[in-house]
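What follows is a pair of complexes built around subunit A, which joins subunit B in one and subunit C in the other.
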Partner chain A sequence: MSRDSDDAKVDLTPQNWSDLPVEPVTDVSHETGFQVVNKSVPRRDGVAKVTGRALYTSDITLPRMAHARIVRSPVAHARITSIDVSAALERPGVYAVLTGEDLKALPHTHYGHAVPDHAVLAIDKVIFVGEPVAAVIAASERIAQQAMEDVVVEYDELDAVITVDEALSPEAPVIHGRAFTSGAFRGFEEETVAGQTSNICEEAHVGWGDVEEGFSQATTIVEGEYYYPMAYAYAMEPYVAVGDVSDNSLTVYSSAQHPFMVRHDLAHVFGMSLGQVRVVVPYVGGGYGSKSYTKIEPLAAACSWWAKRPVKIQLGVEESILTTRGDDALVRMRTGVDSDGRIIAREATIYLNSGAYAENSPLVCKKSANRIVGPYAIPHVKVDCYSVYTNTCPASSFRGFGASLVTFGAESQIDELAEKLGEDGLSFRLRNVADEGERFFPKMRGLDANLKGDLRKLAAMLEWDAEPQAGRGKGLAVSASDAGAHPITTAAIKLHGDGSVTVLTGSTELGQGSHTVLAQIAAEEFGIPLESVQVVASDTAIVPFERSTGASRTTTLMGRAVQEACQEAIAQLCEMGSEAFGVPPEEIEQESGGLRHGDRSMAWSELLTSFFGMPDCEIVGRAYLRRAGDLKELPPFWEIGCAGVEIEVDEETGRIELTRLAAVGDVGLAINPAMAEGQDLGAAAMGIGTGLFEELVYDGQQLANANLWDYRVPRFTDIPSDVRLELTQDQNGVGPYGAKGGGEGSLNPMSASIANALYQATGVRVHEAPLTPERVWQALQAKKSSQREAE
Partner chain B sequence: MNRLPAFTISQPQSVAEASEMLASLGDSGRLYAGGTELLATMKEGALLYDTLVDVKTVPGLADIRVQDGELWIGAAVTHFSIETSPIVRELLPVLSYVESRVANTRVRATGTLVGNLCFAEPHSDPATMLLCLDARVVAQSTRGERQLTIDEFFVGAYETALEEDEVVTSVVVPLPPANWRMAYKKFQIIERPTLGLGVVLELNDGGDSVATARAAVGCVSESPLRSSAAEAQLAGPLESLLERLDAAGDSLADEADLLDDREGSAEYKRHLIKVFLKRAVQQALQSDGPSR
Partner chain C sequence: MSDTSAQILLRTTVNGLDVAVAIEPQETLAEVLREKLQLIGTKVSCNVQVCGACTVLVDGLPVSSCTYLAYEARDRQVLTIEGLASKDGTLHPLQTAFIEENAFQCGFCTPGMILAAKSLLDQRPDSSEHEIVEYMEGNICRCTGYRSIVAAIQKAQASVADRSS
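== the complex of A and B ==
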């Protein structure tokens, strides 16, 4: 390939960008009669983002704003015996230095939505390498950075526990010697408590039937231990926040995914009412769970409180890795099959290394326990999952949390069972996966997907029956996640006097496309052009409450809230039309862009003008979703993962290369098919990372690779040239037009698919992800030497 | 986020002026080419300089030329320029190939070959191949000019034989005669190569035997290295070359004094050396000239 030929002649003047051809990937709109939804319209923030005009938190500068840099702990577990900030304070341009001691003047020093165990700055004790110990607040980042070196901290080191084994040993020091009650979820079904007297942060126990009985009836049993690594949910934008505390209010600009959850923690720390706290989130440069819940916002706010001026904290990638990572998972599991080849029992014990603070790990723990069961109706199940505090970087959400880390073992084991039965993984799964509507997980919503159909599509894309070339193998895997999208979602729309619309939403635009999809829904409902809809998002002082932007909830829940808010406004307009037309509201019909009675039509603008008597007035439509009606049953939808690969193995080096990637996105209805497929491919690409090379490694107390030189994230060149994506659009979800969540699913089966393909290609099974060349090579060596012994 | 500390850039107009600047700056100054290593390391806070002396402003250092059967590459020449240079592609395609495999587009576009060598980061692709090609480094100061072999040039990880005020002006690579066969192979998992392996085989007149051989391995020790034992083992009839490869690989691995680390166990690295020695030899012999 000649690199010169890459410079294809594309006209890069911005006005031409919106004309770039966007091919509809799957367009069912001609069948369903949709005008705006189910079409691959270009993303609305695309031009602003590629031309650098989109506003991100790092672009925000306030009058008198200072910059803070964070002094971090070099040791994993120690008492802080002294902090001397006097030399730092003497440096010109340094405004203040904040330490844990200073925080004691605040109403609360700790935060945490699950449990408030997280100190804003270490107080008296540090519990992991990288923990913030002091913040230097200065006129510029550079001055703050130089002054950091003048802050002298003395530590009295304590025994540290880095691994789960160490943390659970009877002699282990207890990291949090106190109990915590629930944070934002008090009295709510996601409530959690932690801390207590051991290093167990949270445990979850799921089960039904009688596993011992189940295994006694099983004719084939496979047992194994699987490890899925700690990973960093790399986003291009590292954490950034600007805090601005005044006498009676606090405003924080942040890269947070969930502004309302951050608001809770801020109100708690500063003893303010929810109304006094305003969290504003501009565009976010990728989240993937890493920006779920509160990160550096309390510290930015505390710096502002201490220095009496707005303060910005901008982290780099290295510090972001030390801020949050994903839990790893050690899974011990056995699964049994009866004489009909049906899975009869599954038993698993899961240990998560959750790091120094709970963050979202209690929820990761609960979800892991559920999701390891897989999309199978298994009569006997017992799962015990433990989230364990250690003196390592705190773990929290990682895209589709609780799924990818256990699906690696769960779906590897399914293939191992099939192998033992002399069957292939596809036919084994086709016999065992739950049917549409089947309540395969007790007390949960029945499966709202045709997973067997999805599997057949996947098999077709992988050309499953065709023998792979020598050195190659194919593998597939499936998952179903009980989406953690708790239905508490509210939205408002404003219909303006000229018939244009503003959507007010608490969903954050992380790059996933919410600004485009929500606008498409509003345009569809009002029958107006997409260009007539604007989206205002994620300012807690302006937009209605939304629990979070995660768990693939936005299209389903916020999409539906926007749809209902539009419909509520239209109901108001019918009342206005009744007055204008002089007929009862029931006789009025909606048409594109307005209302009609007989052959008289009134556009939305005319209705508003006739009602208010003046142009430019507006009405508000609103919707409140909660656990009621068809949203009563949890989960609101099952997020399906259905993906597979063909790989080529270099047996001499152990290196795996993907030669084909295939994924089915079972999304009910894709509001924007191109973006839905983009999400599937993005999720699968993340799965290539943890499947092949991505892992955070501790060397003693230190993270050995907390930077992008040593921690490899997937690149375009890691994605095979042969990518096949298909969307299943059965309109069977609770979201607008039958939509369901997507965008996390394709990550979950990836590492198991790769391991299954490796087995097909070479006959070796690797139980530890990522499947690095050396791990694969070692496994191949072990196979060779056992073959030699057998001879 | 770490910020680059403030510094001044000096723009010398000659090598002599650059050398004088370096001499007077001492520890507080450093040469600056593409900055891809230097600025990143300064940003991390691992190196600190008040003044950077920009080699790119010195006229005459941006050329690639042939002189007396040798290829001269100037200190300001980027990886990308070498990769795409018609002269290099024609006369020493193996180097064009090595350069095409360095780092990523951004680094190749700004980073220089000389900067790569002078930083002496142990994971260098070109250093390994240049060692194999018997290349030399030309260093100049106010005291004059000297040439160092690649072997003399590297002292250890991040350490070269350069004096504080010496400026590397060029790298010189003897152009191979027609009966030479050569290849470079790299294996990479993370950001820098895990292993680099170069071979140069001189064939006898009949073309059925290796008269002399050179083999270099990089990335597995502080600096790239050759093994005379391995080279002796590689010499001999082509017919039986495959059988001699395993022993030659072991000799190279012995020379490297392999360690277990995050890049792999010593056992795995030894194995990789053998695999890539074999692949490099096979590839070298497939070509019908001194190409990649």
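== the complex of A and C ==
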């Protein structure tokens, strides 16, 4: 075994590139002058991932490391009257047990980027079933697991509120009942309202024009109530973190999307400077927003602090569900159309069940309010959105948040309007969607996409005009999300003495392909082969600050930062070339792999050696992006969703099967087209999940289906073999070469597309996602009985 | 220090190498592979035999190592992802095809996915697309939407057929 064992003890550098060269696949569909970008080169992490050598946080073991298991609350709302850990401590192999009481010795016990309401472990009170109450730290997971049974916790139960209705009733207990100051990274400016006197965690009010006036002019109005479920992102790698606290520093390895955000919370809790805290993120086994912001890192670090050794916390799937789910959304909405068939008014009230802690729900709330407007220029709009605390597990970001939640209702209602006008959903949308450049949302960037063109492509892929077979129906939907990608991004590159390059980036490789895409950009800029570029990522002690990896920002913002960092290095090289060539810098031209003056060329390596007088010296190029210049206006880009389906409905069982899936990815320019399409299909597959069967269900205080047996995610047979994907590459984004974000878009319209297709196939309209066989069957029965009554 | 339960000696063959390792009777194959043999390419996700991430081959057939007792593997041949490429590092056709077809993103499902596909192609090299999809139903991938995985398996199928013809 020795050879394999050695091999498997992979080093702990953030990314271990040992990839063998693979023949690049060249994309010929889109003619450009690019050498490396806009080509479907193979993933840089390919070989590592197919050979099992890619290192994830779950794989990390440190010397002296202990394992912690978490004792969780069995009740939704209670005062903790006592915790007895003495029996657990007597077990051989148990090092320590940490409780909320012990945490009081830390500078801070609570964290939260939006609202610092989240206790590292419950202190005095628990507020949802599954809340961490104590951590047992032992030599092995098994010992910790067994010792958990010896931790005796006594509770004094309080009234709990599980639903939004319960939480907002005047008699409801106020879950937090204290004022909070705003967290440092909430992503918007208003002060927090969370927790003071009610269970409202955040509210958002968006509007313009005069909706009453708008509706009085409307000739057709549709009104309805829609529900989008609580969902579980199911990143296949459950939450995991290794904490290692020493006297004057703290290192955490974590499966986290935003290492710099996690660093902030850790520095806060432990009263350390940013420089004392190091967060390292190896490969991440899926994120989809669920690993945004801080999760179990403070607890892993606190266990290490308490047990005085490195501690790993590896959660399972059920515990991961209890850690973070998506907000659900109840939407009450009406939309009116004038006599020209134009949308004139939309009014909506949205309630989000955000669970026990704010997490990112305040931003989900703000974004839901914006995104329910859709990509339409509507003269009169009024939206009120409330994020509500309940005694359920905390909700936070999940891919496409704020868009998927409300687009189900918004785009169902568009089809209902079209139907009422006797028109089809495509022509209604073609008349109503905003034009490219149109400022359809006041004070925001104009639409940076040709959505009408995208819709026409989608219609062609769906063969929209062809009559579907009996029992089948087609549906489509669109969305435009004001990308939450706040443009604070910095990057550095090192040009090494031999002309190779290392990109230093805070963008985490979640599988979205950031390492490949960023390497492509650097190779393009320097005119060097892709193999000459390495990417080092997500180690806060090494790489420059990046706010986050999410909201489809990486290609646009980090891609641009890397491009500018390369250009800054090349400007330095021009100065060096000026000295070497003995001519002014402006006379020097860049060529592939170096600089040229007249017929004299110098490669990058020669320029460096001539400047330093020694081999192996290197220079650093850097770029700082902030809200300035063309990045001043928000959003940095609109993320477009444009997708549709053809489905077949079994009227006996209510079961929906997809027979075709089509999506247009409007990405400006795909740095790697095959990977961009892969993101689109992956996002669409998640949309199929929440469209058809994914839903977390509360039964009283408990989640009824917090496991993968009962919470079903899409499998091979759920995806139709007929999948059609197209990219729109109009180079109209603010990212490098006109790129803009993708990777969430196709999720957002998917559930509405399915609902719209169901209507076409059967004439029934379901207002509650997912469209499970039971819901569809009931709707079909209701239709049949009303038909019978009419006869 | 703490192990009160009796240890037993497990003799098995992993990736062609004979192994003798002391285990507790209740240890799963995934635990022994990952923790005792440091074969961390085998991934654990659901831990209840639903997702297929932990798939390894025992005597050529896929098992969910998260729930398969390590002791069951005594005197048998275990293949993990680390043992799939040939000794000189040449990738198996499935590994190459997975890279070429972008059949993964985060890669967490990939070791189990590739091994499940290997057992299919070994048993039924001429599987139809329908058979591939049915056989692979026990392996979840949350990133890709599956079609690229189907394409990769078909590509590997073709290249295996080429090599043997």
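The rule is short, and it goes like this: the second predicted complex is superposed on the first by the 753 of 791 C-alpha atoms of A that agree within 3 Å, B and C clash if a C-alpha of one lies under 4 Å from a C-alpha of the other, contacts with A are read in each partner's own complex, and residues count from 1 in each chain.
FYI, contacts are C-beta pairs under 8 Å (C-beta built on N, C-alpha and C of every residue); 3 or more make two chains touch, one makes a residue touch a chain.
Note that the coordinates shown come from a computational prediction; the quantities given were computed from them, not determined experimentally.
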With the two complexes superposed on chain A, say which partner A:Tyr293 touches: subunit B (first), subunit C (second), both, or neither.
-> neither
Pick one for A:Val713: touches subunit B only (first), subunit C only (second), both, or neither.
-> second
So, A:Tyr351: does it touch subunit B (first), subunit C (second), both, or neither?
-> neither
Between subunit B (first) and subunit C (second), which, if any, makes contact with A:Phe180: first, second, both or neither?
-> neither
Is A:Pro773 touching the first partner subunit B, the second partner subunit C, both, or neither of them?
-> first
Which superposed partner A:Tyr386 touches (first subunit B, second subunit C, both, neither) = neither
Once the shared chain is lined up, is A:Val697 touching subunit B (first), subunit C (second), both, or neither of them?
-> first
Greater residue coverage of subunit A in the superposed arrangement, subunit B or subunit C | C
Pick one for A:Leu510: touches subunit B only (first), subunit C only (second), both, or neither.
-> second
Give one of first, second, both or neither to describe whether A:Gly46 is in contact with subunit B, with subunit C, with both, or with none.
-> second
Dual-contact residues of subunit A (subunit B, subunit C) 4, 238, 316, 708-709
Contacts from subunit C onto subunit A in the complex sit at residues 1-4, 14-15, 17, 19, 34, 37-48, 50-51, 53, 80-85, 89, 91, 94-96, 98-100, 102, 104-111, 114, 129, 133-134, 136-137, 139-150
Residue positions on subunit B within touch of subunit A in the complex are 1-3, 5-6, 84, 187, 189-192, 262, 264-265, 268, 271-272, 275
Subunit A contacts subunit C in the complex at 1, 4-5, 7-10, 20, 22, 25, 40, 42-43, 45-56, 58-59, 91-93, 138-140, 143, 233-238, 283-288, 316-317, 510-513, 674-675, 678-679, 681-682, 684-686, 707-709, 713-717, 719, 721, 723
Sites on subunit A touched by subunit B in the complex | 3-4, 141-142, 145-146, 238, 314-316, 318-319, 652-653, 655, 693, 697, 699, 704-705, 708-712, 772-774, 777-778
